[in-house]
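Written out below as structure tokens is the structure these notes cover.
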Amino acid sequence: MSRIWTIYLSGEIHSDWRERIAEGVKVTNLPVELTGPNTVHADSDDCGVAIFGAEPDKFWHDHKSARLNAMRTGTLIQEADIVVVRFGEKYKQWNAAFDAGFAAAMDTPYITLHPTEHDHALKEVNAAASATARTPDQVVQALAYLINGTMPA
Amino acid sequence: MSRIWTIYLSGEIHSDWRERIAEGVKVTNLPVELTGPNTVHADSDDCGVAIFGAEPDKFWHDHKSARLNAMRTGTLIQEADIVVVRFGEKYKQWNAAFDAGFAAAMDTPYITLHPTEHDHALKEVNAAASATARTPDQVVQALAYLINGTMPA
Amino acid sequence: MSRIWTIYLSGEIHSDWRERIAEGVKVTNLPVELTGPNTVHADSDDCGVAIFGAEPDKFWHDHKSARLNAMRTGTLIQEADIVVVRFGEKYKQWNAAFDAGFAAAMDTPYITLHPTEHDHALKEVNAAASATARTPDQVVQALAYLINGTMPA
Amino acid sequence: MSRIWTIYLSGEIHSDWRERIAEGVKVTNLPVELTGPNTVHADSDDCGVAIFGAEPDKFWHDHKSARLNAMRTGTLIQEADIVVVRFGEKYKQWNAAFDAGFAAAMDTPYITLHPTEHDHALKEVNAAASATARTPDQVVQALAYLINGTMPA
Amino acid sequence: MSRIWTIYLSGEIHSDWRERIAEGVKVTNLPVELTGPNTVHADSDDCGVAIFGAEPDKFWHDHKSARLNAMRTGTLIQEADIVVVRFGEKYKQWNAAFDAGFAAAMDTPYITLHPTEHDHALKEVNAAASATARTPDQVVQALAYLINGTMPA
Amino acid sequence: MSRIWTIYLSGEIHSDWRERIAEGVKVTNLPVELTGPNTVHADSDDCGVAIFGAEPDKFWHDHKSARLNAMRTGTLIQEADIVVVRFGEKYKQWNAAFDAGFAAAMDTPYITLHPTEHDHALKEVNAAASATARTPDQVVQALAYLINGTMPA
Amino acid sequence: MSRIWTIYLSGEIHSDWRERIAEGVKVTNLPVELTGPNTVHADSDDCGVAIFGAEPDKFWHDHKSARLNAMRTGTLIQEADIVVVRFGEKYKQWNAAFDAGFAAAMDTPYITLHPTEHDHALKEVNAAASATARTPDQVVQALAYLINGTMPA
Amino acid sequence: MSRIWTIYLSGEIHSDWRERIAEGVKVTNLPVELTGPNTVHADSDDCGVAIFGAEPDKFWHDHKSARLNAMRTGTLIQEADIVVVRFGEKYKQWNAAFDAGFAAAMDTPYITLHPTEHDHALKEVNAAASATARTPDQVVQALAYLINGTMPA
């Protein structure tokens, strides 16, 4: 099968989980294209006003950037084969849960990635997930299995 | 117009915001049917094992209940005309953000309801919302306007 | 056939075309439910800030109201069996053309209603329409024919 | 990410905004494919009769061309990732608003491009837009940010 | 089960097959709502020009009526539970085959009703049908079975 | 909430599980409409030839009945809020698994009902289910909880 | 624009209209991929029994082939950008009208191709068409215009 | 036509039917991409716990693997042009029937492949199928005909 799988990496932008998945995918030589949101925090916050003009009110400042970013995230989630949704230790990351709900409604399967301490708070999000991973490595192993049938060593 | 509007009330279950909207809708005599998740916290957590049998592992305990509850929430959100998504002061309420993402993907319009302190963390959720309210009263006023064209006093 | 037909009346709010259709429908005793946007111009412009709070910037003032109104118009257009889109002599009425495009994409059939002088400018909008009427009476006649098979006298 | 983004440029055909976006995209070396309607005004008006035979009645003359052009515009808008909708100083350009409504119903994100003087008349069209740009340069900057994460200089 | 089944009767308008089905449904007391196109041949041909104005060219005369009639047929076929498509001895009745293709694409099940002499010419239409009936009585028997489980006497 | 929930009961027709659910629903006074396939085995097998004429070849005999029955099952599954899929001790009941796959693709939530001995063979069907019940009583309890929030005694 | 347009050629298989379009497309050097049904009449009639075994009853003989052919035609029509539907002088060609109805429901634009004598009988099929051509040359000219903006010489 | 057809091979994993189809496709030089589930029985059963951690309860052991496998099967069935569903002599293979129901709801045409002894039990699954084959060779012949128009020798 010559298929390339598109995996959208949603959520936390303060740890290196995306890099670790990218590395794992590379080492394993998987036919995978990784996509995701803009992960430069400051740019993601300010892109709207930087391009379309300043807003004195912080609500609209945020709004302009969020609407702009949504053009990227919405497009890429919709064309993803699989979404990985990461919830980190800090921050509320409602946008990650929003992406999960969006994926669920679109019938795009997703894997959650988070520590066990969030299990109860994330029970609804996990209930619609195809799997819950604890480490980026498990995500890579899942992709290797799904695509090539390779079982973990 | 003889239409009855169905409004799904998603999110926080620890304050009386649903009751206040219900009261406002009643006082204003709006042709509205309010729906929502099961709001008895303990039942919502334990329904799965109470009906289908105990689980020693908390993850599957949660899973069974969450899957069961999702049959209700998924059905009711999909048939709602409008969803109101409430984020309270406490708890992470990822399920509320999940519902918002689900509604967005379904093209069901939603109104967020939360204090200003969450504005930045909720910017992606608000960007896809039709409005952001600060009080249950504003939600009732919005419904009164949308349905009957009544402006607030 | 006991069916009630829902007809959404989109566009111009400065002449009495909606009233004339309502009267015609009543006189002809058609099983029709007429829906439409809020037609009180000032309320339609100011509802957003009146309910959710003032905006110093006119763009966001408009935005808040337009987002709010869209919850009504989007819901009602989607459940209409037929949309009537009226373009008057004055104003640009881009919102009417927007509604026509929305209806076309939703496969909801629509009838345009406008004077011949707009024929060339509206050729794309008319090309996707099921009919082009010149008077409210013709719209009523079309409904009477569609629903009851009654030919015009 | 090796993705090519398809951007449909809808609306005004009397100024050079399409060329300026094309130039900006080229200079910035963006992986973008620009599409759009036939922009030769006379051909767009007369294609139907030129190919399928003359019509004495101007209404059907227009109709034949508009139906033919719609095969191109409908196909290309549906496969676009993003639509840019331009409203110029002159003309009513109801077709641009029609395209915006079509894109909105299709969940294709769009950016409007117009001078501030149209803000109020376009409030419904802008309310469903992901962004409102004032210059072609801003559109190019938005694409550069969305695709490559590049912030404006 | 308190359900009312909506059955759209498409095709031939020159024999009494619709009346025979209506009678059978009434005699059997089935919870069925029968719908269909306008079956007054002259009105169906001339409704467009009678309402919206004469056309010297027969093609546009036909076009105006056909576009108008399509608002009824399209709406009713889409909400039908089952479509019955009748091909008579005379005429080409391409519109009946068109309705069958439309129903097939909409996943609305349909029963064809025609004499055996058309079997070969209708093989593609029958291949997508749920059943092929030879008499109106068989259609009524099928409805009685589907709805009430009643087997033919 | 005045909603009536439609529950489709799919699968085994050789035990009284449907009656037990019907009884439970009645005793509990749930606002539920139960639907399902024709459960008279002989009629379900022979309806096609009884109505449309005998077939010497058993394959087409079966085919005619199965196509006819599918008009009922397809329509009712699509409008169900919840499907219950029962696998009994005997028979292969591939049609029950087919209904489950159909419901899954339609995003209609379903509950499986079967003894533990089938757990492994049904793992794919259960993986897409909202719950797995062992007794009709558990199904009734789940409905009571979903609809009224009533926990089992 | 580097796009390749896929054009499905439906209908009559007894004249050389497909070859003439293929030639025109080649001469004009259009980026077009032509698809269509199997046009070898005997094979199209007998493929089912040739592969899966003989049928004594002509109805099932036809049925097996028609079901098999539908896998090709359904797949290719669904992925076509434009469908051309040809009605010839002879035969009823209900399958062509069926394809037109299927395309209409799928929102795939189509062009009809037939002599004027069929205009009245095809009025419903033409009413949903984007254009009506009289010669294969006009179809090629329409494609050249739609794709490259080339007007006929 | 330069199209590559994607064929998903669902069902039995205990005989060499997939290999025989692969061989036939290779010998006939068909432009076909074959896809399917993971066919290593043990891996398919244990992948979930091997990657995400052991489960003492066999139900959840199965569940974790089945949910993981569903990400592959769901994705590949949805993008298949045609599905072949194989029912073998042994085992219940409810997952094969589930895939057939899923494909039916998705409007993906499928061919069943099974011995005649299962005809009656599979009548519902066959009723929605495009063809029923008895040998892998017949499947290859059907593909050769569908794609290239080649009749069996």
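So that you can tell them apart, the chains are marked A, B, C, D, E, F, G and H in the order they are listed, and the count of residues begins at 1 in each.
Operating definition for what follows: a residue touches a chain if its C-beta (ideal position, glycine included) is under 8 Å from a C-beta of that chain, and two chains touch if they have at least 3 such contacts.
By chain, with names taken from UniProt: A, B, C, D, E, F, G, H = YtoQ family protein.
Computed from a predicted model, the values in this text were never measured in an experiment.
*Asks:* Please identify the chain with the largest separation between its CA centroid and the CA centroid of chain F (YtoQ family protein).
*Replies:* D
*Asks:* Would you mind working out whether chain B (YtoQ family protein) and chain C (YtoQ family protein) touch using mostly the same residue numbers, over half shared, or mostly different ones?
*Replies:* Different, since most residue numbers here occur in only one copy.
*Asks:* On C-alpha atoms alone, could you tell me the rotation angle mapping chain D (YtoQ family protein) onto chain G (YtoQ family protein)? Nearest 5 degrees is fine.
*Replies:* 90
*Asks:* With chain centres taken as the means of their Cα atoms, state the distance from chain A (YtoQ family protein) to chain D (YtoQ family protein) in Å.
*Replies:* Between these chains, centre-to-centre, one finds 31 Å.
*Asks:* Rounded to the nearest whole Å, what is the centre-to-centre distance of chain F (YtoQ family protein) and chain G (YtoQ family protein), using the mean of the C-alpha atoms as each centre?
*Replies:* Taking the mean C-alpha position of each chain, the two centres sit 41 Å apart.
*Asks:* Per the centroid of Cα atoms for each chain, what is the distance between chain C (YtoQ family protein) and chain F (YtoQ family protein), given in Å?
*Replies:* About 43 Å separates the centre of chain C (YtoQ family protein) from that of chain F (YtoQ family protein).
*Asks:* Where in chain G (YtoQ family protein) do residues touch two or more other chains at once?
*Replies:* 67, 70, 107, 132
*Asks:* Quick one: in the complex, what on chain A (YtoQ family protein) touches chain D (YtoQ family protein)?
*Replies:* The touching residues are 33-35, 38, 40, 43, 46-48, 50-53, 64, 67-68, 70-72, 74-75.
*Asks:* Sort out for me which residues of chain G (YtoQ family protein) touch chain D (YtoQ family protein) in the complex.
*Replies:* Per the stated touch rule, the residues are 1-3, 81-82, 107, 109, 130-134, 138, 141-142, 145-147, 149, 151-152.
*Asks:* In the complex, go through chain G (YtoQ family protein) and note every residue touching chain E (YtoQ family protein).
*Replies:* 58-59, 62-63, 65-67, 69-70, 73, 87, 91-106, 118-128, 132
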